[in-house]
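Two complexes, one shared chain (subunit A), two partners (subunit B, subunit C).
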Partner chain A sequence: MTELSGEPPDLTGETPEAPEPTPEGTVPSVAARLAFYQRAGGVITPLLTALVAFLIGGLVVYATTGKNPVSTYKAIFKGSGLSWLSPVSVHWHTFYPNAVKWTGWNTGNLTALNLQQTLIVVTPLILTGLAVAFAFRCGLFNIGGNGQYTVGAITAVQFGVWFSGLPGPLHVIIAMAAATLAGAAWAGIAGLLKATTGAHEVITTIMLNWIALWIGSYLVGFNGPMQDKREISAPVTKSIAPSAHLHVFWGNPLLQGLHIGFFIALGALVVYWILLNRTTLGYEVRAVGFNAEAARYGGISVARNYFLAMAISGAFAGLAGAIDLLGWEFNLDLISVQTVQIGFIGIAVALLGRNSAIGIFFSALLFGALLNGTSSRNLDPSIFKPELAGNLTRIIQGLVVLFVGADLLILYLWQARKKVRLLQRKAEQA
Partner chain B sequence: MVDEAPVLELRGITKRFPGVVANDHVDFDLRRGEVHALLGENGAGKSTLVNVLYGLYHPDEGSILVKGEPIRLHSPKDAIKHGIGMVHQHFMLIPVMTVAENIVLATEPTQGGVLLDYRAANKRVAELSSSFNFAIDPGARVESISVGQQQRVEILKALYRHADILILDEPTAVLTPQEARELFAILKTLTSQGMSVIFITHKLNEVLELADRITVLRRGNRIDTVDRQGATEQGLARMMVGRDVLLRVDKGAPSVAEPLLSIDDLHVIDERGLEAVRGVSFEVRSGEIVGLAGVDGNGQSELIDAISGLQRVSSGTVKLGGRDVTGVNPSSILDLGLGHIPEDRQLRGLVLEFSLAENLALHDFDKPPDSRWGWLFPRQLVRRARDLLKRYDVRGGGPQTRAAALSGGNQQKVVLAREIGRGPSVLIAAQPTRGLDVGAIEFVHRQLVEARDNGKAVLLVSLELDEILSLSDRVLVVYEGRIVAEHGPDVGEEQLGIEMTGGGREVAA
Partner chain C sequence: MSVRAEQLQRAAWTRASAPQTIGLVGIALGFLALWLALPPFGVRTAPAPVAVGILAAAAGIWAISRGKVRVGGGAIVIGLVGIAGALLAMRASSSNLEGVFVWSALLAATLRFATPLTFAAIGGMFSERSGVVNIGLEGMMLMGAFFGAYGADQTGSWVGGIFIGMLSGALLALVHAIFTISLRADQIVTGTAINFLALGVTGYLYNQHYGNNGTPNNLPAIPDVNIKFLSHIPPHGLGNFLYNSIGQLNLMVWLSLLLLPVSYVVMFKTPVGLRIRSVGEHPRAADTLGISVYRTRYGAVILSGALAALGGVFLSIGFLNSFTENLTAGRGFIALAALIFGGWRPFGAFAAALLFGFSSALALRLPDLSASSSAAWPVLFQTLPYVLTLIAVAGVIGRSIPPAAIGRPYIKQ
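Showing the complex of A and B:
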């Protein structure tokens, strides 16, 4: 109650006295409303956060281009392909072929194509979001998703190039497992440092990002050990063997259709939930995250959990790298190693998704749609300037992170509203 | 000496927090030269009321009158301006600064408006201090003086700002009996010079010793204001709780058997690298409660942590039921039959964001029937919680309720349910009733005595001498990391007080 009340801090250091609510009068209704709000707050706050971010993003559009932000957002929505889902009637025949005629998963349809691209972006965002969220539940802030993703991607390429004789599914599994382990090991370094020396994970994961970036640059760059020597003009690795490609289940594989990595990401969401809520490991991680001292007193090894939580986080991010490589990139070039942002967007995904599995799904969808909807391929220059396109996503991402503190703001406004009412009541009485 | 015109009056003060009415039309008046005690359980609304009075909270309804004039307090600054001073339970002093510097802080005398005039500051503080017989060196650093003296610095701070109404929030909670006595003498000097004192407490004996009048609050309501003459502990307790309360612990003679906890020449180094426990040896036997009395910070916490494996033992041994557990990890020690009610239930005893079911599983979640092969069975957690919550009469929530939503007393019951419910052979209870109200204290005490009667060895560590004396079958006194004395249950409070502050070292056992 205290934190929420917006009252001056209690200087006595005691928890303010909170007698039981009286059964009659107006008090319980306020309490009931507040309780309802708090329960609803789990959904309302992130929605408001996103809304405010979009509003300010709209102002940016208006200020820089003078165009109507609504048409800009419409264009982004269209470009994301999410409209494929909205006019269900149009797709009625997709599900009920006898109704009109079966057109199947129409890859020729631009909207369907856009949606496939969006979901391809959503896939790693879910996983890097989970990488941030899992550490968060243990009280750790994993800024290193990007580095862990890079390490995973590099490992996946190498394993995809090797073992080219293996049968498809086995090759995919080996490459993904290796990348997942590599991501786990990379983040595990930060976890180990935290557990043994207390080195702050924010610092170490940022450092590890840079180390991953430059190791990757060396490996992939000109004359690097992984560079494809046949390519004299481009710093890029060999392409992975076809047996390591993820199966494309929707759309044309040649046109970068949607691969089964999407379902792996959805599976990861389930794993995340089960791991946290149905295993002793999850119990320990949550206990340490909520109150490390109580966990220690309870007989839980805090250091062990710091290490494990970071390693599992890194596993999610490493898997993200593998899925991108095996799903649609197939090789890794220097520029992508140096400009990848997926891990950082994962922070915004986790924050907006409130570290819950379902929340992460929806916020990954939002950011995926934004990223793909603003990609220059989908742009109509008459609606907004290409220069603004990608940056608008970044602006909204930044605003989301900024507004995650919105809980406080909203509760403050709630309090203020209550005060205004009391004043009104007083004025009426007078 | 007590004259009739009130220097301060609160009329119909109402303060609401979301979901609760902390003060419901409370009236209060303070006469010149009196000590007026504000008595009530935790959560009765005492702190809220004085925070309103000190300008920290704004009342939703009601008015404040100082010397008959209605005033509005927007901040503590306003309160100070009207001569109201407050001494918080936790002191607001800067340890590295001197007494005088702390006292003049924010109203420093200056030379030419820029430079701090140390000499003037020291002189004025010295004058003030001697005029009230405070015996404080203005040049001493705050960190080097005792807690009792620090409290006097806080009082001087208020006096320096020309306070004539002094609010003391649970002032004796941090003091030894001797220091408390000295404080009472100071307060009597102050009132004899025309100051008025509001004294917040939940200790009945202090009220009867010191106060001229007593106002009892319960659940935000003023129950009554009574004169000390004619007031009794039993009567006040009934007003506080709303029913008859057993103030004395009812217990039979101990039937002591074999030692279950043996500590031998234990040494522990604390986090700062200092030796906090310096060669402690004692035994706790089946069927007895051993009380460990001492002023806070004399090695009690480190001793408990060393026994429960949370802190490394530098030398010596800890035996649990005859088995050497020195250096064994905490979860194994818990499994070998230790129950540990920790000092701070919110920091340690509970994961406040966890449900009660999860909290009750804190020691056992990793073994059957709670889990198997790392797989947790939430339904089993809930089943056990339902049983324990019923047995220990936890109110205010079910197995799925978050621990944070419970009151302090019920939170402590959850901790007791977990620690005693596991059936340990040795039970350590550290400050088991801190911050609890009279009713909950009664419950906790009964549980401890019951544990003893069931043949457990109970080690009670408490800063409350009343508690030590009413529960213990033997009393050990700890001072600067050593056991300096051992007594039977009928030792006097005075004697313990002297030994707790190092006065009894000559007669150390």
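Showing the complex of A and C:
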């Protein structure tokens, strides 16, 4: 099989669609206007997309339960703890003396605790978002984030259990490096197949996801080689040695505080930006993603870049698995191996973030807040059932991905608006 | 045609095909090597399977030396795997072996596991042959699974469940069609979104309607077809075998078998099929001839959603008789794999679905093989469909070639 799609999908967010000739001719075309918005930082389309998705989600809430969507979203927002960051509370105090006082960097209150949990979720989302985005920039669609994350997590556990005598930082670095390499190797299989035989990466990465899932189930599951033999009744690995734990810098380590993995993810954002925009490799990757034929004509090895882009992409996802394991999970059980979703959410993160480092940060924050705010621990069941809210999150994710992929929808909406105006004008004239 | 030319032609034919045939015989011998160690033969000593396996490998080497690398390589690998498998099987006790390899039950389970895959793969074939990639098969199946159960519950009859399930799959497919065909969004991105949406929508509605209690126990089920007379077919063993394997299958299993020739005829022998294929191979040419590319693709995608949903309906009210969140658990992706492995053809996809179904059925039964009945390795059998598809996509065993215009939106001029 050579190519599933002839041209690599244009998902870079850098190349506005060429303006189509409009029948009117004189009016500045809608496409041109959209292109302008995209050039103006590309903020408007993602914002609109998210807004529309949330609106539809709100409609779903209202139509099915009759509850006020605004209060539901408010409860989710409260559960996410993001309000901790809001400086508004300072000003509130001057107007409403009874309002909660800004307590400075108080790590004790519930909001701070919620924010820590949200940022723990945001951390791997940034990384899997980067994994999807890096492949996108090379014109590849990495659906294999789940598998690469799993492989990374398994490797991190194994290395965390081994070498228990090592000093802390060294142990952490070894475990993370091994997991990153494992993720890179796993995605590299897809890259290699694409580079050598032209096998489409979408299909190979989906297959690799399931292979990773079942190999993981074998390793971790009952009587598997990695199952903790002291706990015969539970399919779970041994816990990693304390020396491999990531340092918790905010909150109580016993209550799952925020670990330094968050800064590693932020560092990965910087690495991503530098790698793409300031290195030869990044230039070549972008060139291949922009137009593989032209890149080949320009002397760039397309096959080599396919392989490297997939491997680097997998490295991000593998690192995500390692950070979750070393940061707060500490051991791996069968159910979490079989229900990994983080790679898929990474697709939504990358698409909404327009594959840019800063965009990925904010969309990871959004989805992390949604995930944590709808968890059964944080959402007040009297306002909205957490089981429903979790699925609402999935619906919103789906809508975001659906709309981000369809720039033309916005074009149509513009056109429809214009037609309505035209009709109105005609009606006025008549 | 002169006699001389005819002779030349025949000679050329023999040269080309004899190694091919020998290679295929080698592959068959490789399977035989394994089979010898299993019931009903149940050979308990090494020499026979090893000899047959070596014969298979030898045939493979000969085929390679005559230029048939793929077939020959396949024969060598299968011969060696056959020997290994046979030696492994001999380590299990023969009563355990007979417990696992109840061929009639295995065949019935294989068909049962293959049915949802067949429906979804055939559905996917219509969509992909028309040039629209359908990663969303999984989501469409899931919709069918939930709304099949919901519809059966609400209407009080399984027929209602089937119709409502198909309708829901078709509706979701319509969304896919609008975004990929009219709005020209990336087909893979949209398919991913479809999967998210289906997961969210079905999970949401399931929790709202059934919550913690789950679907009701008295959900109307699609009936089994009991073919009693099969057990009276003369040789008693054969009659029993037939009755136990295909005598008590679900109606949907038979429906999926019926779907195969129908979809083959529609796709390859009727004008409709020709239109679908032409739109998928060269939409511009089809458009020039007056075929509406958009309308054909819309029809094909919606049909694919309805068929995939039928697979989901079978899972919920034909097989498990209940619905839980994410019931399909990746079967839509296996169906996609079967479609690709089967070369975008109905019978090819069905053969792949059977193979995948067999590996699932075996993985479920193999734990009974070892004495402690708790070995972990049979789980690894679950990876078989995916590994095989990887190999097929990479072109090691005969390359599967997709429709030429797949994945490309069409812009009418």
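A few comments on the model shown:
Just so it is clear, the second predicted complex is superposed on the first by the 348 of 430 C-alpha atoms of A that agree within 3 Å, B and C clash if a C-alpha of one lies under 4 Å from a C-alpha of the other, contacts with A are read in each partner's own complex, and residues count from 1 in each chain.
Everything below uses one rule, namely that contacts are C-beta pairs under 8 Å (C-beta built on N, C-alpha and C of every residue); 3 or more make two chains touch, one makes a residue touch a chain.
What you see is a predicted model, and the numbers here were worked out from it, not measured in a lab.
In the superposition on chain A, contact of A:52 is made with neither subunit B nor subunit C. The partner of subunit A that touches more of its residues, comparing subunit B with subunit C, is C. By the touch criterion stated above, A:174 is placed in contact with neither subunit B nor subunit C.
In the superposition on chain A, A:291 makes contact with subunit B only, not with subunit C.
Once the two complexes are overlaid on the shared chain, A:303 sits clear of subunit B and of subunit C alike.
Contact with subunit C, but none with subunit B, is seen for A:223 once the two complexes are overlaid on the shared chain.
Residues common to the contacts of subunit A with subunit B and with subunit C across the two structures: 1, 4-5, 7, 11. Every residue of subunit C that touches subunit A in the complex is listed here, in rising order: 133, 135, 175, 179, 183-190, 192-201, 203-205, 207-208, 211, 330, 333-334, 336-337, 340, 374-377, 379-380, 382-383, 385-387, 389-390, 393-395, 399-402, 405-408. Residues of subunit B touching subunit A in their complex: 16-22, 24, 42-48, 51, 56-57, 60, 88-90, 92, 169, 219-220, 308, 310, 329-332, 334, 340, 342, 347-354, 358, 361-363, 365-366, 371, 374-376, 378, 407-408, 435. By the touch criterion given at the top, residues 1-7, 9, 11, 60, 64-65, 141, 143, 193, 196-197, 199-200, 202-204, 206-208, 210-211, 214-215, 217-218, 221-225, 227, 344, 347-348, 351, 385, 387-388, 390-402, 404-409, 412 of subunit A touch subunit C in their complex.
Listing the residues of subunit A that touch subunit B in their complex gives 1, 4-5, 7-8, 10-22, 27-28, 30-31, 34-35, 277-284, 286-287, 290-291, 293-301, 418, 422.
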